[in-house]
Structures are given as structure tokens and as C-alpha cells.
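Following this line, the structures themselves.
In the two assemblies presented below, subunit A is common to both, partnered first by subunit B and then by subunit C.
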Partner chain A sequence: MGLREYVVRRIFQLVITYWAFITLLFVLFRAAPGDPTSMFVMDGMDEESRQEIIADLGLDQPLYLQYVDYMGQLLSGSFGVSFRYREPVWDVLVIKFWNTIFLMGAAVICAYVIGVLAGALLGWWRGKRAERVGIVAGLMARSSPEFWTSIIVLSVFAFWLGWLPSGGMRSIGAEMAPSFSARYLSTDFVYHLVLPVMAATIYYMATPLLLMRNTMLDVLKADFIEIKKAEGLSELTILYKHAARNSILPVVTMAAIVTGTAMGGSLVIETVFNWPGMGREMVEAINYNDYPMAMGAFFLMGSVVIIMNFVADLLYVYLDPRVEYK
Partner chain B sequence: MSRETQGIDSMASDDGATERIRALAVRTWRTFVDVFEGDRMGQIGLALLLIFALMGMFGPWITPHDPTEINRDDDGSALRLEAPSTDHYFGTTNMGRDVFSQVIVGARASLIVGTIAALIAVTIGTNIGLISAYYGGWTEDVLMRITDIAYALPFLPFVIVLVFLLGPSIWSIIIVIALLLWRSTARVVRSQVLSHKERPYVESARAVGASDLRIMYLHILPNVLPLAFLYAAFSVAWAVIAEANVSFLGFGDPTMISWGQMLFEAYTADAIRFAWWWVVPPGVSIMLLVMAAFFIGRTLERVTNPELRHAE
Partner chain C sequence: MSKLELDDLRTYYRMEEGWIEAADGVSLSLEANETLGLVGESGSGKSTVAKSIIRLLPDNGEIVDGSIRFDGEDITELSKRELRRRIRWKEISMIPQSAMNGFDPVYTVGEQIVQAIRTHESDVSKAEARERTKELFDDLGLDEERVDDYPHQFSGGMAQRAMIALALAVDPSVILADEPTTALDVVIQDRILGTIKEMQDELGTAMVLITHDMSVVSETCDTIAVMYGGRVVERADAETIIKRPKHPYTLGLRNAFPDITADSQELVSIPGSPPDLLEPGEGCRFAPRCPFAEDRCWEETPQPETHGDGHVVECHRADEAEYLRKEANRPETWRTDD
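So, the complex of A and B:
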């Protein structure tokens, strides 16, 4: 099977996965046991407005018509109207989506850079005391759920040292900049970004760190490393230019899974740091029974994960010419 | 010789079954000792796990106070947010409840979710991996597409939505976590079975007419079991973290005290700024329990991957 055929097949799989994901969302949110109005709509509503909402959502239609309707809506980019904000879900989510992407994107990138570099070093230090300390530290980071790391980071840098703000995305009184770039390039934004990114990085870097160290062990035994040593290259050059490069493949494929974890982690980290993103919105939407909003947030998070899985698969065949397409 | 051992001996002479079970137990114990001998981290993991298991089993009987009781001063006012003292080792919460007792009782929720969810997930995952790799063809296609879809779902949002729909109880948390957790086991077991499927021992079993079920579960499965155990240890760690996250976001079982829920209460009471005695014990407990699972996992990893065994 050639590369082109592999890519076509992978795109076909992507479509199937997406369809299954969207259908699952429908099953979860629409066909859930019980009457959705009693479960999702806020209390204190009279019968008339209840019927209105049922008609509005098309819940009086047979299930298959609802499903067709729902698919059509999604394809036209509509997620419905939020119960809580009384605004289209998309309008509320589009800003929060980018807030989350900037936060978690920065965290995943930091986690990968630090994790890969430090993991390579741990492999190099095999058998030394420093390796053991590094592994225990990595396992400790991976064993602390995001909210616990967040609380520690918050206590140290915000409450104790007072260096960084304890939450939010911009200082009190600061206006939200109208343009996209002004909003995310301001120093005030970066100032508020540091702590949540740090908390997330500590948790997410453990996976690339430990994986990188494991694959390095195999590569460092290879003959070409000995040859490079004999050539008289410096340790750092051998380590990062030759050995690390050859161990990076499994770490790259892991990126999709780390992104998935990060999407979920945004729920917790954004809650702790009062970050106005998609994750916190989702938690609040569930607490307020705002199910179009919860569904929209879930849809966007799942989309990011599905697309990252796809990109990681393509990257894998691109990076490894030996791979068999199957 | 005690009467009990005499009993076993006489039974063993009746049929070989007991003898075989005993031999298996001895062999399992030897493997266990072999695996953990000389591995400090694995031993620490086992010791931590044992401590938490005892806390989980006997928690309600060894706490100095009733964890839900509102402790009061001599004049009857509630002891709110008291710093640690000899009476309350870890101080009290904003409701005047004893933190130390809550931490002990909280071990149970984590352990129940961790072990049962991991067990279900690994059982499902091992079977899916085994069946899809062994049969191949469209069976494999369908099962692996389902696995892909499971990978497409963001874990925590999925768990929270489903726990919300099913109602906040420890059983719905377990089921929902297991519903996604099997995916990693399925993938690794499948790739391992793929390499075993072509080996001579499978061919010879087939040649003497062994059935598919027999080959799968009697011949191949024992060879992938170490890997399944490894993923069981990882799954325990992930399940404990997931339960803590769900509880921290306020969707935990309201009838049970858990560490995540304690931190949720401390956070919503705005006590994390100063009440370190309320925050540190549950947080450290979660970390240590998950670390125990990862330490044990690392030890098992060296069994499944002998490459890692040297020079450690």
C-alpha cells in the first residue's frame, strides 16, 4: 500500500470516527433516559414555556427526525441556544475556545520541550543517582492530579510569594481588547497565563519524559552511538543531535494522547484558576443544566482530539520512512 | 502436624486438584518474590499500597473522631478551621470536622474506584485485544475502529457528562471510568498477540486440533498476562486520578468521603489560601496512592520488557 492510499484510508477512518462521535453525542444528550426538560432545564418553569422548549428543541419529533435535524444543524455550524446565556452557543464558545487553546497549547508545548530534553538526559545518565532522582520526580509529577499541582503552584507563587495573580485572565478593570492579537499578545494576558501553564506543564511533561527515557535506552545501545563517540564528538552533540533524534518517534505519536488528556485537564485547571475557557464553561454548563452549551464544549474538545490523532498518524508515517502502511 | 494441613494432604491424595492449586500458589508466590526482590521502588509501592489498603478496609474503626461529626468547643461553638493540635492531628474543616479522620476514611473511595474500574477495564481491554488480533479480518477492523472512537473521546468531560446523567454514585463513577479506560490495554495487548499468533507454539497447538478458544485463552493469554498486569497497575493509577478529578469538580458520590471531595470543599470554602492542614493531607494521599501504583507498574514493566532490567 502506497502513501497516498494510506492517507486516503486514514481520511476515511477520520470521517467514520467523527460520525460515530457525533452520533454518540446525540445519544448522550438527546436520547438520555428521562425527559430532557426535567433534567436540563432550570426549575421554576411553567408548563407553557416547557412545551415551548420541547418544541424548540424538536423533542416532540420522532427520534430519527431529531437525529437528521441534529446532523443538519451541526453541519451548518449551529449548536443551538444556550439556556443560561440565552445566546447562541457558538457565540459564547468561540472566544472561550481560543482561551483554552492558548492555555493548553502553551502547556503541551512546554511539557513536550522540557519532557523530551530532560528525558533524553535521563537516558544518557542511566544507572546514575541523578537518573533515579529524575524518574522519581517524573513519577511524582504524573501522580499528582492537575488540581493538586495547581493548588501547590497557586499557594507558592500567588499566596505565599505574591509574584503572580491567583486567577482570571486579565487584571480587574482591564478592558477586553477587541482584536484577537491584542487580546493574546498583551503582557497582562501572559502574566495571568504563567501559573496555569506551569501547573499543567508539570503534569503533562511526565509522560514524554519517561517515554523518551525508555526509548533512549534502546538507541544508546546502537552501534552508531559508539561510532560517534569514537569520532570524538562532544557528549551533548551525540545526545541531542544523534541519539535523541532517533528516539523521538514514539514520543511524537504520544502527542495526540497527551492533547486528549490536556483537553480534559482544562476542566480542572480552568476551574482552579478561574480561567474563562471551554473547560470551566463545560463544568458550569453541567451545573446549570445548560445542555446545549455542555454539548457544544464537548463537541469542540472531541474535535481537537480527533484531529490531533489524525495529525499524529500522518506525522508518524512522514517521520519514519520504514513504516509499513497497513 | 496441625489438623488443617492433614486435611489438605488427605484431600490431595483424593485427587490432584488441590496439589495443583497449591503448586500454582507456590509458583505465583515465587514469581512475586522474584519480581520484587531487590527492587526498592517496587517494594515502597507495595508497602504504600498495603498501608492504604488497611486504611480503606478498617478506616471507620480506626479514626479518632467521627469524620462527619461537627466537633465543638467546651462552650458548644463549632471548632471551625482549627489548626492541627493533639486532639485533631490535621486540624478541622470549616464545618468543624476532623481532617485526620476524613483522610483515613477517604482511602476507601479511591481504592474501590481504582481497583474495580481497573479490573473491569483490563478485562475488557485484554479480551478486545486478544479477539481482534487472533481473528483478524473484519472482526479486527470493527474492534479497532471502536477503540479509535474510544480514543477520540476526551476522558474527563466524558466521565463528567455520564456521571451527571447516571447520577452521582460511586458505581456510576466506576462504570464510566471503565468504559473508556480499556482502550489503552486493548491496543497494547493486540500488538502483543499479533506477534504471538505466528509463533510455533500456536501453530503446533492448531495442528493437534485445539479449538480457537483453547488456543486464545490457554496458550496465548498466559503469555500476554504480564502485560495485562502492567496495564492493570497503570489503570489503577489513572482511575484513582479520574475519581479525584470528578470529585474535585463536585460530581463525586455525595454519600462518601473522598480525597478529591475534601479538596473540593476546601476550594469552594476559599480555604486553600491559609488552611494548609486541610489541603495538604488529602492531596499528598492521592499522590502517594497513585505513586504506589506507578512504582509497582515500573517493577512489572521490567518483567514485560527485559531490556529495562540491566543496570538498574
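So, the complex of A and C:
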């Protein structure tokens, strides 16, 4: 089977996964406790007007009709109207979504670059004191809750050294630039981005670090490593071009999962650093029974995970020539 | 001057309980274009000797004494960097047991050979190195097009040929071949050995062939060194070792392999198991398994002695070789009472 067919199959799988995912979302929200009309119900509202609201929202329809409606909406790219903001969900969410993507995207990339390089080094340093120090540091980073790491990072860099702002996404008074690129490429934005990214990086770095070290230990036992040493290649070449390159596959698989957790876990970082992201929006949406908004947020987060898995699958073909196209 | 000369090499492994004396006073020499067979069972120290030569010992391994002279220069004294740049692959290369695992699976075989060439000959361009790789493939009976294949796309025999191409890539003067054909079936094995021999004659390369297979060494080697318990117990030219061995272990080893020219033959194995090399102390290491052991074998370590024309034997009873050979041919000799 050729590469093209492999990609087509993966795309087909992607569609199926998406369908299962949005169906699950639909079922989940219909099964969830709570009353969607609570947002609209005011004191002294009589039963008749309540029924009217329910009919207005389409909630009096039988489930299968609601499902068809819902699918139709999604296919046309609409998430409905937020109960709380009385605005299209997409308009509210898209800004928060990008805020979170920039925050967590940067953090996951940093975590992976540092984690993979350092993890490879730890495996190479097997049995040395540096390896033990690295493992302890990795485990500490992994076991410290994000909010705690954030607080430490904040107290050092924001309060003690005073180098970086303690929260928010822009300086007070800074104007919100109209264009997308101006908004996210401004120095002010990056300035505010550093600390939350640092806190998240410390937390998410440990998984690739420890995983990388473990696979390195296996790869370093392989015969070809000995041959490469005998060939007289430099240690750096053997370490990164051969050993690390062979150890990276499970780490790539894990990347899809870690990205998912990072998107979901962005809530804590966003709260500590007062970052107007999607994690916070999602929790608020649930608190306010703002179902369309919550569903939209879930949908975007789930999409990131599904797409990351798809990318990882494609990346595998490039990374491991032994992957059979099936 | 020999190409490669090991003198009283001692390589030990550090363990919690003490030192494992894996190679304990090994002396060998290898001339240019010669093939030396290093024979012995697992754990006899033959791989340790090879790994000491190219200095690829595990972290707990250490050359504690002795010298390894390459063209007269003691390479145990060289710094790691020096060794890497001047000796490894350029002068001494190796062929591993399983060629399939000897290549990095994520790069094509060609890329890896090109890399080896360009590491040692920095003035060679990528295209030139690739041309040379193709020529090597051609010489070794591989299709030139296969340089762009990944290791997993090769069969076992093909991979071994590609490995030989890698080993010969920068024209070394010595090749260490650690059981290069054990993973292959007999027919392929024979062809590969033939190919190695051909290339060797063409390039004048010397080879240390490590194996536990007597039939392989008898066909391929000029001289044979038999190792037991970290020591070379007997060495001589191949014919002498095969036809007129003197050491009881060599005699036993010969019995354990079938002679295809004989009508029928009972295979007789040597009873007992390899010795524990954790600080073994005085005495012949083969004594516990030797049917001819006397009192002094247990007390005194035999020293290598020359018995005419480069035949070196480490046995107190080597003088009685005629009698030992006769006795060793009888299967009853090797049977233990229990």
C-alpha cells in the first residue's frame, strides 16, 4: 500500500473519530444535570413563558431532531448562540481559543524541545550523578501541581526580581490591536507570555524528559550504537543523530496526548496568571449553564487532540521507515 | 613487526563482589593479511578481547594490564579522541554478529556507509562517497540500487554483505568479526565467508574471526587461538589445532563438532559448565572439567609453553599429548560418573 492510500485512510479515520466525538458531546450535554433554561428564568416567570423559552431554544423537539439540527449547525460551522453573551459562540470563543493556543502551544513546544534534548542526555549519562540529579528534578517538576509551580515562578520573577508582569495578557492601557498578527506579535504580548509559558513548560517538560530517558536506555543497548562508536563517530553524532533519533517515536505518540492534557489543563495556568483563555471560559460557561458555549469549548479542545493525533500518525511515516502503511 | 600484537592483556569487569577476570593474560599476534580464529565457548573472554582492542568495553570494564600494539604503537595508551580519529574504523573495523541490528534502522544503508567514509575522509564529497558505496556493493555481490534501501528491507545474508561493505568502507587494516555468520543458514554462511576471504585477499586486510564454531575456523583461518576461562589455552596454525591439538579442552571441543568426512560419529560434549571468573585464584581453570587433571593442575596455574613451530599450549600435561589424544577420542573418557 502506498503513502497516498495511507494518508487517505488516516483522513477517513479522522472523519469517523470526529463524528463519534461530536455525537458523544451531544449525548453528554443532554444527559448532564442542570436546567438550560435557568439562564433565562427570572423571578416570577410563569410556566407558560418558560415553555416558550424551551421551545425557542429547540429543546422541546424529540432528541433525534435535535441531533439532526445540531449536526447541521456544526457542518455549517455554527456553534449556536451563547446563552450568556447572547452572541454567536464562535465570535466569543475564537479570541479565547487563540489566546490559549499561543500560551499552551508555546509551552508544549518549549517543554518538548527541552524535555527531548535533556532526556536524551540523561539516558546517555546513565549511572552518573548528573543523571540522578536530572531524574529528581524531572520528578519534582512532574509532581508539583501547576498552581504551585506558577506561584514559585511568580514570586521569583515577578515579585522578587520584578522582571516580568504578574498576570494579564497586555499592559493596562495598551490598546487592543485590530489585526491578528499585531495582537500576538507585539512585544507587550510576548512580555506577558513568558511567565505563564515558563510555569507550564516546567510542568509539561517532565513527561517527554522521563520517557525520552527510558527509551534511550533501551536504544543505547542496541548493537548499532556499538557499531557507530566503533565507526569513530563523535559522541554528539551518536547521541543525537542515532540514539535520540531512534528514541523519539514513543515521545511523538505521547505528544498528542500531552497537548490534549495541556489544552484541558490550561485552566489552572490561566487562572493564576489571569490569562483570558479558553480554559477559564469553559468553566464559566458550565457554571452559567451556557451549554452552547461549553460545547463549543469542548469541541475546540477535542479537535486539538484529534488533529494532533492525526499529525503524529503522519509524522511517524517520516520518523520511522519501518512503519508499514496499514 | 606484527600488525596487531596483544601482550599479556588483562581486562577485568568490576562487580560488587570483586573483579571478573574476563581476559587474563591474553597474548596474540596477527600479521597483515592473516586470519586469526578466536575460538571458545560463551564467556570464555573472546568478545572481551575484541572489545578491548577497539576499546568498547562496558562502563565497568577496564584494561588493567598488558598492551595492545597496533603497528608497534600501544593503543591502550591513546586518548579516546585519538583512538576515535586514528584507529577506530580507519584501521580497525568490525562486523557484528547480527548485521540486521548493526545498522541504524531509521537511515538507509547507503547513508550510513557514506557517513562512515566522510567521518574519516573529510575531503570526500557526498557524491563521491556514494559512488564508492555503490562500487563496494557491486564488489560484494549486492545490487547497487540497494544503497537507498533501509536495513529492514534487506534479508539476513544481504544485510551481512552490506555490513561487510560498511566494515571495508575506509579500507581498514584489521577487521574484527564477532561471530559474523552465526545468524545465517549454512549455505549463506559459506558464501559470506567466501566473500570475506575474497575481499580480504584483494585488500590485504587482516581479520580476527571470533566464533564458537570449529568448522568455520577450520575453513577460514590461518591460525587459531583457543580460549578458555579468559586465557588462551592453545594457539597454533589452523592445521595443527585441527589435526594435532595438545590441550584437553581443544580435544574436547573437537569431539563436540561433527566431522562430515567421517562415516558416523558420536558427538561428545565436555561435561560441566564454564568456570566462574570472579577472582578464580591459582590452578588450571579447566581442571574441574578435565578428565586428565592431576593434583598439580588444581594448585598451579599452567604457563604458556611453546611446543615447536609456534604451537603454544597452556597445560601441565602437554608433553603427553599423544596419550591424551588417544584417550580423548574415546567417548567414555568424557563421561562423568553420575
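In this section, the second predicted complex is superposed on the first by the 291 of 326 C-alpha atoms of A that agree within 3 Å, B and C clash if a C-alpha of one lies under 4 Å from a C-alpha of the other, contacts with A are read in each partner's own complex, and residues count from 1 in each chain.
To be clear about the criterion, a contact is a pair of C-beta atoms (placed from the backbone, for glycine too) under 8 Å apart; a residue touches a chain by one contact, two chains touch by 3 or more.
Every value quoted in this text rests on a predicted model; they were computed, and no experiment measured them.
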Fit or clash for subunit B plus subunit C once both are placed on subunit A? fit
Of the partners subunit B and subunit C, which touch A:317 in the superposed model: first, second, both, neither? neither
If you stack the two complexes on chain A, which partner ends up touching A:229: first (subunit B), second (subunit C), both, or neither? second
Using the superposition on chain A described above, determine whether A:127 touches subunit B (first), subunit C (second), both, or neither. both
Tell me the contact category for A:218 with respect to subunit B and subunit C: first, second, both or neither. first
Can you tell me whether subunit B or subunit C touches more residues on subunit A? B
Contacts of A:254 with subunit B and subunit C, given as first, second, both or neither: neither
Check the residue A:74 against both partner chains and state whether it touches subunit B (first), subunit C (second), both, or neither. neither
Which partner does A:245 contact after superposing on A: first (subunit B), second (subunit C), both, neither? second
What is the minimum C-alpha distance, in Å, between subunit B and subunit C after the two complexes are superposed on chain A? 10
Could you give the residue numbers on subunit A that contact subunit B in one complex and subunit C in the other? 127
List the residues on subunit C that touch subunit A in their complex, please. 54, 56, 59, 84-85, 87-90, 93-94, 96-98, 101-106, 108, 115-116, 119-120, 150, 152, 166
Subunit B-touching residues of subunit A, taken from the complex the two chains share: 13, 16-17, 20-21, 24, 28-29, 32-33, 39, 126-127, 136, 139-140, 142-148, 151-152, 154-155, 159, 214, 217-218, 256-257, 260-261, 263-265, 267-268, 271-272, 279, 282-283, 286-287, 294, 297-298, 301-302, 305-306, 309
Can you tell me which positions in subunit B touch subunit A when the two form their complex? 41, 145, 148-149, 151-158, 160-162, 164-165, 237, 241, 244-245, 248-251, 260, 263, 267, 272-274, 276, 279, 283, 286-288, 290-291, 294-295, 298, 307-308, 311-312
Footprint of subunit C on subunit A - complex, ascending: 127, 222-224, 226-234, 242, 245-246, 319-322
